[in-house]
């Protein structure tokens, strides 16, 4: 039965999660050099426009409409233009909220996912190419994956794997896609020799804070109601983010004797990534472990592994979201309890069941392979048909001017013209 | 019956909409030259203080108390100091939330409206004059208009015109007032010859993001409950803003081959302006049209028309809110459906009824004429009794120092003193 | 009975209040010199990590578990690691929300309190010392005080004193602790001779705005449900903040003929501090008085008193929170009405009862003495066992580099390296 | 060749640029500096405390001109940047030994 | 001793620093300036209005070198900073009478 | 007239200003520059990657003084700005041909 408490909760969560995408733009924008600020903001925020219109037109339908063909791979077009989607009646996925609310709540997740990828491509990709890339990525990666994991009759759902708030669909898919795309795109000029200093830590901090607070709505909202599951998810998210921040600070203290804002906030964020798939399945104490371990895992990925393989994952979309998401998916398989959420058919490994962890690993593999392969395909085709990378001169000049003719702080010097 | 779900929803929406006024300050503040930053923040944010106290003392009563005299023009003083306003019992306007909640929810709208006007007057008006202007504007324009459109026994309400979340009262009135006031105030020095570069695009972006996310609470909250209407309003707002962002980007691509952050965000904002009066009346598909068309309309207003007439609407309060609001009011008359919201007595023009569109046009005309005339009156009287404009030297020096003795970034150079 | 409306409300309030701590970091960060920006952000935001983990492990239990020993001083360990804390069942403190929700809602208050203190210590304390200080402060001041004021069987609760949203536990304790700690720590180099210019007013403004909007959730949420009490609390908070902003602007106008953004926003904040303990107990009209008077009171504290005694309360944690909180506690004793909230056993002084004001004064004294004494103890021990203050050279160089090897705007100059 | 270096009030840059345009002095570069001299700043109010901004933002303009144009350049600056109040700034003239246009490698007065 | 002062495109600073490293020119300081000359800026689009940025961000480098190293320094700059497009900038050479290393009090060429 | 141009550590500006006040040297202007020399910056940690800030923020002070005050000025700077560690900076002395006070049109030493 539709009830106002649940509607209020999911509506507000929709707003707060929507706010995360501009927040991500600030988070990324603060980390880049000044000359690429506008380009970074733009590459993230345009996703709002594009993903909304595509979702309304057909994306929602492809992801959540009844299965087309019965392969569990993609939905049909019966929900296109929000057909059969009502602001007063409940739909298939939730009995307590109107189907249109479910549709826009899912939309805000679909907006932020391609925006995450952009972090890997920062500072060297032409904006029109990013635009086209995101359009095709949504079509070929996001909608199918969302359908497989969450959709009626979806493939991965059928495996018995669980994913509370989007570990596979959102974090693993975007992180892995970022990795693949940034390898195909190539490194920034001077990568490995030069230091890329962030230009505005407070801007990064504002963005990180919006992400942190918004994430509670992100994970909590996935309970699709103001109920015990939402409380469980938010509580786990709080604990995991706090623990991850502390362990990141610990690592920095041990290695460098100093802690940084960039480190501490990154720690909190990876703590949130890791708990995302697990939030509504695991007990409180395990959130401490999930969060506490994600920082060393991601730290290693962002330093040792990245350096070793030499790919230029500029703002660590893969290091944070890909790696953190995989750890989160595995952790769900370790710590989930059917008593907490009967959607999980089995308990996690630490409680003795092996089926769930197996299903989780399979789901992760499918997500990694599927999104990696499709991203590679899109990038290769893109390279054939359009200019994907800016020229070295444009890269040196900065993408703000070369791609947008817009500076981030034109009159900041106080010199009027 | 008062119920916790609706109370929760409207309370939270009140908070989020309140946050929009500081957001607007940032939005405006980022667009001005560095030397006018503090003045811009101040001119917007002081509205919070002034509008709250006036609303509590008598504003709420003038707007929403029972009609004084029966002309449908202004309320009486029976709600002054929130008399007869209770935090536990429902009032006349909503049976499901306490009347004090209704009062503060309406308040947050009343705060942001004069703040919008400030955008037209940026960079040349003395702060005390702005203060007095806003006080009289609230008294002579906002309260009467709110009473006419929304109040018990209001004049415009009687016409059968509808206005979901404040197209007339908020956007048209502020936009038109901005236009009239900026013409009477005169242009900034060098306007038309000189370029006014924004000083901080990320600040503009932060403000724009707060506006965007907050607007969902703005439109959704006007359903005064966590119900289907709220879902309808939010869904429409999402779609319209996305579509408007894309069409603005399209215009820029066609004309300049480049898209800018300032353009894309402005597009989203005008998309939200346009859907404001329509949000709870129109079907989803029409939101795509309303949003898709508002960008070319406003773009034309902000370039061709502004240039032709040569008025200096500095931050485009008229171009965005005035024009966007008018288009939204008309669009409501085109696309409204009684089936969606029976508050509309007739369907829109595209469904064959002509009464609604007529009523809408009349309501728009009354709003334009009333707010334009009163603003002119206030400005003329103000010019007689006090110094309204800064001196050319103060303008050149910047209003931060001349009006506030406060710089925006005193120690940003890193040079301690 | 647990109901979705209340759960929705308190969950969302938890998120919004959580957001206030990073907001406070920005508020403080904008006010310091550029060279101490990162240090200020870090000193505030690390509290999120530390306070979360400590709360989960034992803090919540010490504060809210059944009294240990029956002195009303501290709780036992029965809620450690959120034992006996459920995301589906209600606990002792609220029948309408799950106990885990109560626990995390209380947590967000516990996060921001030590973060406030940091404002007094800005620009001269070693980061490891701040870390250790906060850990012990939470243990020795916050948990006991929260237990005494709010806990089952708490001492101060037993006096009949009331404190709606944390006047004693949060504002008085942090403000007084800030004062004591900053005196023991000593002034910044050159204090009294030199001017400390803020480096980024817009950043201060963003933070202040987040605090302002979030505070409505802070005070409203303490009703622990979406009910009339929440509406009362939010309405009072709105009125008080508006009035305080206006009176602060009035003071500035009278004294300097100019108003500043820093003044106006500070006014709003102290208005919120003052209403915090009173919000759910006093009638609307009294909020106007409470807010209207807090500005002159705090203004005097921050200018006359601070200057006279010469302590270096760098960002006025004591001037805002200590003084404002004391005034709020007294005002509660003046204006509370049992009719509004029967938790108050007597009416306030203006309604003729003297018991409440007596209890309030006693509660304030206990809070002041207890937190002052314990802070002094912690600081003295700390000074014995570790380096608490940076060297004069490090202070001159800035704590960003000396403590964190991280600059706030490394590449802001636009000069790539 | 001489370098004419002027410290002026920030609000005088715009009119000065226009004046230079008229006098066909078209190569210059500017930056922001903080300066102090006889002018001791203006008073700011910081949460009730009055503080003096004793280093004041100024603009420094550098123009390299041929020897015969020095006096003209000085005149233009004096005309536009003078308000008569303390804080108008200074003009310094220094000698420049060589000027090279990077684009072409030209040297001397033609490179200006 | 001479001061070689070059106004260059911002994007040329990184390669220039590398080049100096190779030539063992290791003392220098840089700042951002706004400049105008023959290059009249690029067009920005501001909510539909095209505006010209007519003062363009440039980097000013100052290097004090011994007299005999002046030409080498100029050569390095010319090699790296030239694109052949308008806006490449200028090099100015001025004489410096004295140089003192604050750390040691050394004067003259040894202090560079 | 001479221009004394000093590159110093940012944290030395405040004491230096106080010292100048004592010695009645009251006209000066400052700006921020990035410099490199023997000092190669400090190490920053960027999400685990150690990066070297190899251009370090410095303050450049310019003081134009009459010829006879040059050595005094240098002495004051040396006294205050020296720490003895690499990175203390340099002082450069250049000759200035003319100085004009914009406010009054005065020229020469009186205009300082």
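Lettered A, B, C, D, E and F in written order, each chain numbered from 1.
The criterion applied here is as follows: contacts are C-beta pairs under 8 Å (C-beta built on N, C-alpha and C of every residue); 3 or more make two chains touch, one makes a residue touch a chain.
None of the values given here were measured: they were computed from a predicted structure.
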{"item": "Between chain A and chain C, the fewest steps along chains that touch one another", "value": "1"}
{"item": "Contacts common to chain C and chain E (chain labels)", "value": "A, B, D, F"}
{"item": "If a chain touches chain C and chain D alike, it appears here", "value": "A, B, E, F"}
{"item": "Copies chain B and chain A - interface residue numbers shared by over half, same or different", "value": "different"}
{"item": "Whole-Å gap between the CA centroids of chain D and chain F", "value": "19"}
{"item": "CA centroid of chain A to CA centroid of chain D, Å", "value": "51"}
{"item": "Distance between chain centroids, defined by C-alpha means - chain C, chain F (Å)", "value": "43"}
{"item": "Residues of chain C whose C-beta touches two or more other chains", "value": "3-6, 8-9, 12, 16, 35, 194-195, 197-198, 200, 206, 256, 258, 260, 262, 405-407, 410, 413-417"}
{"item": "Touching two or more other chains - residues of chain D", "value": "10-11, 14, 17, 30-32, 34, 44-45, 53-55, 83, 94-95"}
{"item": "Touch-based graph of the chains, sorted into line, ring, star, complete or other", "value": "complete"}
{"item": "In the complex, chain B residues that touch chain A", "value": "3-6, 8-9, 12-13, 16, 33-35, 194-195, 197-202, 205-206, 208-210, 212-214, 216-217, 220, 225-232, 234-235, 238-239, 241-243, 245-246, 249, 256, 258-262, 264-265, 267-268, 284-285, 288"}
{"item": "Of all residues in chain E, those that touch chain D in their complex", "value": "2, 6-8, 31-38, 55, 58, 60, 74, 77-78, 81-95"}
{"item": "Complex interface listing, chain D residues touching chain E", "value": "3, 17, 26-31, 64, 94-103, 105, 111"}
{"item": "Interfacial residue positions of chain A with respect to chain B in the complex", "value": "2-9, 11-12, 14-16, 18-19, 22-23, 25-26, 29-30, 37-38, 41-42, 45-46, 48-53, 56, 81-82, 85-88, 98, 100-101, 103-104, 107, 127, 200, 203, 206, 403-414, 416-417"}
{"item": "In the complex, chain B residues that touch chain D", "value": "35, 190, 194, 393, 396-398, 401, 405-407, 410, 413, 415, 417"}
